[in-house]
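Alright, structures below, take your time with them.
Paired with chain B in one complex and with chain C in the other, chain A is shared by the two complexes that follow.
Moving on to the complex of A and B:
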């Protein structure tokens, strides 16, 4: 698997070259959100807003009102919790094209609960006018800018930084409200998002080799959520549906799928893998995914439960887990 | 600085009186609204919309227009009157305030109402938005000035002071804050609920040039608005001391009339007092 180092950095600089109306706002996490080189390349278009996110979102609304496209860079958790009133009332309600680039979504940070955005999708799905995107690999990261920029309204993006795997062909770019079909089958439908897609892929190949037909979709658009391919996969799944997300099972991908299934009268089982209405804690990504059941072996258990068959698989049978290097030795909390 | 003629002052006093009368009618007709904070801002709105602002009602999106943000969005009725009487939409629209088939919301909505620069009603946000609008000019946009009308309630919220920090950082002289300091809020006197004093010192400490005026004295309002345009190294705040419910004896200086509706008798008395005030 190709590992791309910091895919956002060069891509965003190149992308913004002929877009003078694109500006960047940062809340004191500039290098942590891989935007330092962008600042140095386009200093006139960069605003350092300090630790004042409410003001940053209001300020962004003002810029957007004047025809600019502010790309706000900070940790996901600081983009919607501290300034939710500003997000909803200054940006979403007036439907302004602000791009909220949220880094370290879910449990991707060892910084602990204060830094973990585990309810952002739930809150932003419930925010009118908002589009919600969730990156799962380097190709998503590279192509999400075009997807976001084509939206005439506010967009929230769950971004990946650092070492990012390339799971999808570089030419196979993210498309709005279109899930990626990663495998086909009619026993079980698996819908995964964010880094859970990489984790799910550790298990799906092995399960398919054991004879389980899996329709695996990677979901990068969480709102709107009306891709017909999703409903087709759900309808075709003989044993049931599994969602897997780097988020609480309340309000995120699992809830979106549950709503879709219930409204369509698709009376079949749904297993939601994700944080089970708990605050996590600080630890490595690998440890947390295992601890909270967001890992490949948990997916195997969910598939076994649905098809009513045990495969006797252990961690050793799955594709090797990819351990990430520490983001910064100097900053153990990965800031 | 311009010398403002007596004729202009008289004309704007009449405009302010009309804003109060129309606002009273709107609140009474709708049986909802905020008379107190609308009346305290009447002279400020009259000075802005009928003299000071560089605007063109026939072209609400004129790129070089001055931007006005009503951060204290609950004074919406007074703003709607100013917009209608200035020609942004027909006066008859005022009668449909809050109607399903009208375009006037309880608090300003930038998408629905012509001339409303920014949706508001969530207090304290106006300054941050205004600074963003102002700095857009420095990225090569057209030139204009940004005005944000804040209440004492606005200035109790943290985000307002975050906006002030930002205006100071960028020496944002394109922004003028007007503070409608009537010192009364829904729960009581602002100086009891959450004191802002020493307010002038706070604004100065936050990097603002401070002009302190009587917000019902139109000559002082006009002079301050002009003077703010002559300050080029820092943002300006005009701290306008005002009277909540100004112009109606039983509404003045009381929290009771922040968001209350007069009964028929009170309505008649208020109307009579405002008409006598001519």
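Moving on to the complex of A and C:
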């Protein structure tokens, strides 16, 4: 599997080259959000707003009203939790085209509970006019800018930084409200998002080899959430549905799927993998994913529970899986 | 300006301010409630802004406000902005950002007195389905930003001022605030940024009436010395008699000097309506306790309208 170093850095500089109306606002986390080189490339379009997020969101609203497209860069948690009233009233209510680039979503930060955006999808799904995107790999990071910029209104993006795996073919770009179909099968439907998709791919590779038919979808748009491929996967799943997210199981992907299933009268089991209505703490990403059951082996357990069968898999079996970038089947079929 | 021209505009501001108070008082009597002390304190401030300070074009909106158009959103082409009452957006024209949305009744009355809205428009105030809302939002006449959650306007105005500088506009951005808003931390974040980016195309007029919902500000949470605090944040501050049109208008005529401008208008929340003293310290919203009390306000209206 290819690991891409800091994919946002060069990509955003290239992307913004012919877009003078794109400006960046930063809240003292410029290099932490991989925007330092952008600042040095376009100093006239970069505005340091200091440790003052409420005001930064207001300034962004004012700039957006005058025809600019502000891309706010800071940690995810500081974009919505501290300044939520400003986000809702200054940006979301007027439907302004502000792009909220939230880094280190969920438990990706070792910064502990204050830095962990574990309820952002829940809160922003409940915010009218808001579009919510969630990146799962380097291709998502590279293509999310076009997706966000095409939206007439505010967009919240859960961004990845640093060493980011490429799970999806580089040409297979993110599309709004379209899940990537990563495998096909009719025993279990698995819907994963963010870094949980990489974990899920390790598990599904082994489980499929053991004969379990798995329809695996990577979800990169949490709102809107009306991709027909999601409902098709749910309807086709013989044993049930599993969601897996780098977020609380309350209000995020799991809740979105539960709402769809209930409203459609799907009448099948749903297992939600995620933070089980708890805060986390400061530790490494892999430690936390294991501690809170967001890892591949936890997904194996969930599948075993649904199909009523044990496969005797170990962590070593999963670690041995070699992932390669896939081309989502959805795209090939849709085209 | 000739002495006569000076007299003319000052007289016009005074006349409009008196009419604003009368119109708000009439409304409060009719509807047994309203934000009356805000009209007492800020009538000259609104009149000076609209008649002297702000360079605005003619209203782009219907004299009688249209019904609530639905909220802004990607699927609502019918939405309109209340800013249209303040004229078109143009590089050389000023913008008005109205922060304390609870002053909406005063703003609507001002729009009527300066000919931007028809008197009949006020009949829609706080009526179901109307855009003339009690605590105005950005579809309400004269309102550009949704700032009923107080202290959010100043940051948005800062973003607008920054954008206008980037665009090379010569027009300025005027913000009307109340002193109570300075209790919110966001205001100080905003002044940090306004000073840091030298946004001298932005000016703030503060209705410093010393009042807030719970009563006198000094009994709720003090913000004084407000001028010194703002100066220490890098603002260019003038403290003036908020009922004196000449004093109010003077700072706006000075050439910008790199600092955001603040005019603290020291005002009297019972100005021309001493009868309100009986209700002190709670002046935020007036609702009559009895028909007899209401009658005393009718008499006050009769007195004031004969001046």
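Here, the second predicted complex is superposed on the first by the 318 of 335 C-alpha atoms of A that agree within 3 Å, B and C clash if a C-alpha of one lies under 4 Å from a C-alpha of the other, contacts with A are read in each partner's own complex, and residues count from 1 in each chain.
Going forward, a contact is a pair of C-beta atoms (placed from the backbone, for glycine too) under 8 Å apart; a residue touches a chain by one contact, two chains touch by 3 or more.
Owing to the predicted nature of the structure, the values given are computational and were not obtained by experimental measurement.
For the composite obtained by superposing both complexes on chain A, the positions of chain B and chain C are in clash.
Touch criterion not met for A:186: it reaches neither chain B nor chain C.
In the superposition on chain A, A:61 contacts both chain B and chain C.
Of the two partner chains, chain B and chain C are each touched by A:95.
In the superposition on chain A, contact of A:149 is made with neither chain B nor chain C.
In the superposition on chain A, A:235 makes contact with neither chain B nor chain C.
When both complexes are overlaid on chain A, the residue A:50 reaches chain B and chain C alike. By the touch criterion defined above, A:128 reaches chain C but does not reach chain B. Of the two partner chains, neither chain B nor chain C is touched by A:324. Touching of chain A by both chain B and chain C, each in its own complex, is seen for residues 47, 49-50, 52, 54-68, 85-86, 89-90, 93-95.
Listed in rising order, the residues of chain A touching chain B in the complex are 20, 23, 44-45, 47, 49-50, 52, 54-68, 85-86, 89-90, 93-95. Per the touch definition, chain A reaches chain C in the complex via residues 47, 49-50, 52, 54-68, 70, 85-86, 89-90, 93-95, 128-129, 151-153. Only residues 71-74, 137-138, 145-149, 152, 154-164, 166-167, 185-186, 189-190, 192-193, 196-197 of chain C touch chain A when the two sit together in their complex. Only residues 109-111, 117-119, 121-122, 125, 127-137, 139-141, 158-159, 162-163, 165-166 of chain B touch chain A when the two sit together in their complex.
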